[in-house]
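The following pair of complexes shares a single chain, chain A, combined with chain B in the former and chain C in the latter.
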Partner chain A sequence: MITLSIDTKTIQVAPDTNVLKAALDNGIHIPHLCYHPDLSISGGCRLCLVEVEGQDQPVLSCGLTAAEGMVIQTQSEQLTELRRGVLDLFISDHPLDCVVCDKAGSCTLQEYAYEYGLKETSYEPTVSSALFQDDNPFFLRDHQYCILCGRCVRVCDEIVGVHAIDFANRGFETNIATPYDGPMIDSTCVFCGNCVQVCPTAALMPVSRLQRGREWDLDRTLSVCGYCGVGCQIEYATKDNAIIYAQAPEHGAANGTFLCTKGRYGWDFATSPERLKQPMLRRDVAHKLGLTEEPWELPETSPLDIRNPNVEQYFVPVDWDTALEFVSSRLSEITESHGPDSIMGLASARCTNEDNYLFQKFMRAVIGTNNIDHCARL
Partner chain B sequence: MSREKLDQIAEKEQARQSQFDKRIHCCISTACLSAGAGHTIQTLRDSVEAAPTGDEVEVVQTGCMGLCSRGPLVRVQEKSGEEVYYADVDSECAEELVAKTVSWDQAQAKQQKLSSELQTVRARLETARRKRSLKKHILSPDMPFFTKQVKVVLRDVGYVDPEKLEDYLAHGGYEALHKVLTEMSPEQVCDEMLNSGLRGRGGAGFPTGLKWNFVRREQSDVKYVVVNGDEGDPGAYMDRTVMEDNPHQVLEGMMIAAYAVGANHGYFYIRAEYPIAIDRIRGAIRAARRHGILGKSVLGTDFSYNADVRIGAGAFVCGEETALIHSIEGKRGVPRMRPPYPSTSGLWGKPTVINNVETFASVPAIIKEGADWYAQIGTEKSKGTKVFALAGQLTNTGLIEVPMGITLKEIVYEIGGDVPGDAEFKAAQTGGPSGGCIPNTHMDTPVDYESLQELGSIMGSGGLVIIDSTTSMPEFARFFMDFCVDESCGKCVPCRVGTVQIRTLLDKIIEGRGEPEDLDKLEALCQLVRSTSLCGLGQSAPNPVLSTLRFFRHEYEALIPTNA
Partner chain C sequence: MTNSVREIRDADCIFITGSNTAEAHPVISYEVVRAVKKGAHLIIIDPRRIPLVDHATLFLQPHPGTDIYVFLAMMHVIIREGWMDETFIAERTEDYDAFAAILEGYTPERAALASGVPEEKIIQAARWYALGERSHDESIYGEARGHSTILYAMGITQRSNGTDNVITLANLSMLCGQIGKPSTGVNPLRGQANVQGACDVGGLVNVLPGYQQVTDDKLRGETAKTWEVEQLPCDVGLTIVESTHAALAGEIHAIYVMGENPMMSDPNSNHVEEAFRKLDLLIVQDIFPSETAYLAHVLLPAASSLEKDGTFTNTERRVQRIRKVIPPPGEALADWSIIAGIAARVSQKLDRKPGPEAWKYDSASSIFDELTLVTPIYSGMSYDRLEPSGLQWPCPSETHPGTPILHVGTFARGQGKFHAVEARDPAELTDDEYPLTLTTGRVLYHYHSGTMTRRSAPLHWREPRGYAEINPQDAEALGLKDGFAVIIHSRRGTVRTKTKISDGVPPGTVFLAFHWREAPANRLTQDHTLDPIAKIPEYKISAIRLENPRAR
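Here is the complex of A and B:
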């Protein structure tokens, strides 16, 4: 471990830790826009300057490796002046329409402008790119808010491994683009939305949250994504009991700060009228079991082929015991009459590893067949 | 191929050259070519062929002779070594020159049957013999333009045929490489560089021996050497000239570096706008490979080395070493934070030496003549010579090589021959868009790294623009700011946005809309961009504005309505 001092606080960190991380992990805040703990270092935002004892010039803390005995100051008049100057340049190329911005309250640039008391830019406001791209149903790209921190580019390349976007053009004309600036759908993008999550500004926004409330209007519920066995932690932002958007929480045990497209955007089932909330038995079976009065005939077309929101026309809700009792008795009957190999099991990726293990054990040891497969192989 | 074989080639070439009574060198470097050197050399060749004693004269294509503003330049070299320079040699002048250079003694005349075209040329030569205009074209060898220069890097430039390895060998080429491979340890080579005091000619002036030592001491199975031939400073063409006009000299310097640091592979990074340099370097690499100078067993020793060319797409920032590395790696050419420096983690994460073309081109002479010889040229802290592309409002402009420590005054009034017309010398800009201007009140300043820095400028890579009294300094500064706005890579905000805002302020002031507080605002913004930008481009972009503000503030003030 390496011991250093930041703002008179003595801190121990692992070797090769950068000073910005060392500070943040220890509750000392240094402003930063391009740094993200899970991404490579960029050094482009120039905000994380600190003073290092023994060095004349301020140094970027994100690019500074902590060394034994280092003495760091994160606040000083000089640093405030420089950070203020840099922020002033940032906001000269950014619409200051926070009063109507959906990101207000969770925008990092706004937070720093507030912290450093920048009501307006002292330069000639000049927005570099007015490009507005809403070419997909999941997120939109509003370039006038983009501060070119490059987090989206790095997350897409380094974490998602897709590299659908990168910097295009140079200097003041730089913007984030897909190859040849084609529509998102024609790029290699998998719409995981991790770029949206790491974006500090309103340049990348989930479509679902537009004009549906700002950060302080939303409630947050921590949950586990139901889509697969990985068990990513997920945070639902809701208002009046409706989901506004989903994102990864700060430190999910399985997923860190990232999610895939299903967890992030595929939550409309939660409030869908089609959603099944309890087991159901087909009407003819239920009648045979004496659960319903009226007899019922299976129509020509299989109910599985009919996409009908009114499932109750075909099915009767039952309790779990009844449902399980029925399944187990039918399995026993079929095993006895046709042999165990007349049954096959198809496991689901939505179950955990443990569930899947138990399922194949059940098929082999209880039913007595090796006919078992998994949907992930289909 | 062994050293002996190369010596034989060199001797054969020297013998071939000494057959000729006279050799006519014609510069075919870019500046002369654009002044019509293509026609000149063709006329020289035809005329020599048609002349009665033409086989005693050889016409040689060479590189830059320096006085580019007077091109096409031609030099006649006698067997005795005596030389005469001719300026502005158009076809007509070339005929007269040949007519007066060859002997018309019938006894020596060769027996030949002239084709009808050559008969016409012969007839023209007969007429040209009687003309009297050649004198006007002669440049006096006593011109300060020539006498004030000290040629180390450019010594053979303008003499050797850049497309002939034999000619380079005949001029002592690859002797230095052979010397280090057979007589010196890598450590000794690095020490020799340290002792010579050679500092990087790419702009920053970092001691070359120190850099090589860093890389030499790194433990790594693979190391690289990179020649920085990106030369983005507008108007500068020192590196292009050396690569075009004596490519083997750069290759030799690079190979000596490779041996010194333990590298077996290297790259020339050359901007795409330099197609001739690319061709010549590639040609040099091919010729060197054919002759066993490059490859598995260099000059018969157990040192192996290979070099390749990588072409840059012409972004100024790709001259910055980390951006250059990204560009060679096939990534977007943007700088990254240092450390780690390329000497520890460079190309593909391996220890890498990156030096400027001129730095490498200085190396063979240092090895051959010795560090002490080199260190006696120049000043205490800036040793050796520096090549400048002298441009702007001067009588003589072109490529010059001067000892470090020469004063600006000597360059402007003696080498440059003063500002033409009624105007006066006002300031000199060194370092291009990254540098600053030095006003005429400081013209006794010695040109060395420290003195220029004290004045708020930099040595830079060799751009030297002379400004006369008719030029407006705020507009001059805006020209360079425009350049930086265009060339900023956009990675960091002070440079991406700051340069645009500096230009906006300059526009406002120049267009007469300035307010009194704008000058302080401009200065503060320049300081901010300088102290917070990521790479040298942004850090130095404000220099032209800051230095004109420092020395010519009154010109800015005069533009502000309330002060006017």
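Here is the complex of A and C:
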């Protein structure tokens, strides 16, 4: 371990740790925009400057490897002036329309401008001429908010491994683009949205959250994705019982700060109008029970071949009591007439441990059969 | 998984087979990409040129169904060259000699002939895996032998010799001492959010919660006592596919399906449909009217995992809390609540002990507390202890920290047992009438039978309809161009879809995902020959023929 001092606090870190990480891990705040703990060091934003005892000039803490006995100062008048200067440049080409920005409240640039007391730029404000791009239903790219920190480029290459975007053009015309600035869908993009998650400003935003509420309007619930078995923890932002957007929490046990496209964007099935909302009996069953007047027979068309399935053509809604009474009477009759082993239960890898536990307990302890399986093999 | 997801980034060598990781488990592929960028070797053995091959340092592309020859030949080479871990074999394992004797016949020459993989690639893979070699930079472990990890999924298990394939990978890891340490192990990537947990809590035909055999009188008696029932059934039950056969034979009269869509996900859909139509009672409890629902007598509306509390257990055995994010629609209820309602009524009607009162649960957490009593690997867990990051089983006591790595120091059964395995061919080989091999799986933007993802607007926008991936060589032979209609025939049925002409599949192989109701892949797959032990269907290999409808 290496021992160093940051703001008079003595800290121990593993060899090869940079000073910015050492500080952040120990609760010492140093402003930074391009640094991300899971990505390579860029050093482009120049905000994380610190003073090192024995060195004349301030040094970027993200690129400085902690050394034994190092003495670091993260706050001083000189550093504050330097950081204000850097932020002044950042806001010179960033719209200061925080009053209507969806990112307000979770924008890192806004946070630092507040912290360092900058309400306007001392330069002539000039906004990037690169276009607003809404070429997909997952996320929007609004280049005027982009500060070119490059986090999105690095996460796409270093973590996701698809390298769909990179810096294009030079100087003030620099922007983040797909090859030849083609539509996202024609690039290698896999729409995982990890670029959106690491973006410190409103340059990359989930489509689902636009004009749907600001950070302080949203409730947050930590849960686990319902798709594959990785078990990514997801933080769902909701307002009035509707999901506004989803993102990885800061420290997901299996997923860290990352997700895939299904986990981040594939939750809107839950509010599909096709959801089953009440118990239903098939029309022939309902007729036999005297609930409908029309006799009915199950068509021979395979369910796989029904063109536009409409559940109401096949079923009639009933109340829970009727449905449960039907199910339990039929299960009891069949158990008695053909024996417990004439009944099969298919549990589910999409249901919880609690659901599955009760299901198999019901099959074993009440019906009396081990005919209980689920889709583990499928 | 024997190990944990986040150890993968520190591996020295990663060996992936039968897993299209970047599409089916994207977040695990991020770990793999990180490891490779830091200098790990990545060996991929797969009949398809899957996306992660772009990052591989070695790609072996065996003909479908011949990968076992490659695995056996790798072990042959490891022994021949002396790359095995003799200390590990001597101290931790048994039955090595019989296993090694079998391998003598599985030379790389033979594997090359069977699989089409060049010998030198097999030898290279054997060396890198056995010794944990890197392409650049240093190992964080600083040991003479680097740490190698095996990742696999349904590509090797959904096969008539799936169990043999898994045993072979376990043999390989023991042979090289690549198990029981960080960033090593044999790691199945499980495909559904709670498939691990559904198995853990007894959703299987042969085991009670916690993998306690139903045939073991003592264990069965203990569970019966906790549940306050007189006795529990002692015969192993029927698996999914077996139950379809039994329904056709008139032995199964009722099926209660919760959160599953067998009409899309089970092999030989026409056969499944015939069986379901014969049933006296088909109960479907689901969030959507699935294809299976249209054969049901009754539909019970369930809350989705976004609409209830509970726990899921992930592929690394981590039990984590899920929470109600939004309310369920209409009158939909949590599955446990529906089951409890049915169970209470049936116990009353059948006069079962301990009676309907035993089915009154007030919350998911009270059910979890009960399940920890009968599930020894979960017994130290509670909802409080699952905050904030969950616990990995086994977690046998309230002070146990959980188990990120299995088989450290000793195997669960004591000594690691080498099983001598011989190569076997798939059940259905190609012939003149059906000259191509169909393999099924998933695409990135969809999940399983598509019930959820095909109703998600952004995912649907990106991947709106099904297609069959066909190699340019096979397409040209039939005059098929990209985006053309194509008809696929197997001995079970016919599917019509569009082509996607792609080098991702080798000549002779066609890939069709099983998400598409308009092109249901499982109308083509076979259900007659299952793996003899796991009873898993051979989704990955069916003999097929392509037809160009324009050439009629």
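One rule holds for everything that comes next: the second predicted complex is superposed on the first by the 275 of 378 C-alpha atoms of A that agree within 3 Å, B and C clash if a C-alpha of one lies under 4 Å from a C-alpha of the other, contacts with A are read in each partner's own complex, and residues count from 1 in each chain.
The rule we apply is simple: contacts are C-beta pairs under 8 Å (C-beta built on N, C-alpha and C of every residue); 3 or more make two chains touch, one makes a residue touch a chain.
Every value quoted in this text rests on a predicted model; they were computed, and no experiment measured them.
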- Query: After lining up the shared chain so the two structures overlap, which partner does A:Y236 touch, if you call chain B first and chain C second: first, second, both or neither?
  - Reply: second
- Task: With the two complexes superposed on chain A, say which partner A:G105 touches: chain B (first), chain C (second), both, or neither.
- Result: neither
- Message: Contacts for A:D373 in the overlay, against chain B (first) and chain C (second): which applies, first, second, both or neither?
- Response: second
- Message: Going by the contact rule stated at the top, is it chain B or chain C that touches a larger number of residues on chain A?
- Response: C
- Does the superposition put A:T126 against chain B (first), chain C (second), both, or neither? first
- Message: So in the superposed three-chain picture, is A:R170 touching just chain B, just chain C, both, or none of them (first/second/both/neither)?
- Response: first
- chain B versus chain C as contact partner of A:V86, first or second or both or neither: first
- Considering only touches as defined above, state whether A:P95 meets chain B (first), chain C (second), both or neither. neither
- Message: Just to be sure I follow: which residues of chain A are touched by chain B in one complex and then by chain C in the other one?
- Response: none
- Message: Could you list, by residue number, the parts of chain A that touch chain C in their complex?
- Response: 136-138, 158-161, 185, 190-192, 207, 221-233, 236, 238, 241-243, 251, 253-256, 258-263, 265-272, 274-282, 285, 298, 302-304, 306, 309, 311, 314-315, 320, 323-332, 334-336, 338, 340-378
- Would you mind writing out the residues of chain A in touch with chain B in their complex? 41-46, 49, 57-58, 60, 63, 82, 85-86, 89-90, 92-93, 122-124, 126, 128, 147-148, 150, 166-167, 169-174
- Item | Touching residues on chain B, where the partner in the complex is chain A | 315, 317, 332, 334, 336-337, 485-494, 496-501, 504, 521, 524-525, 528, 531-534
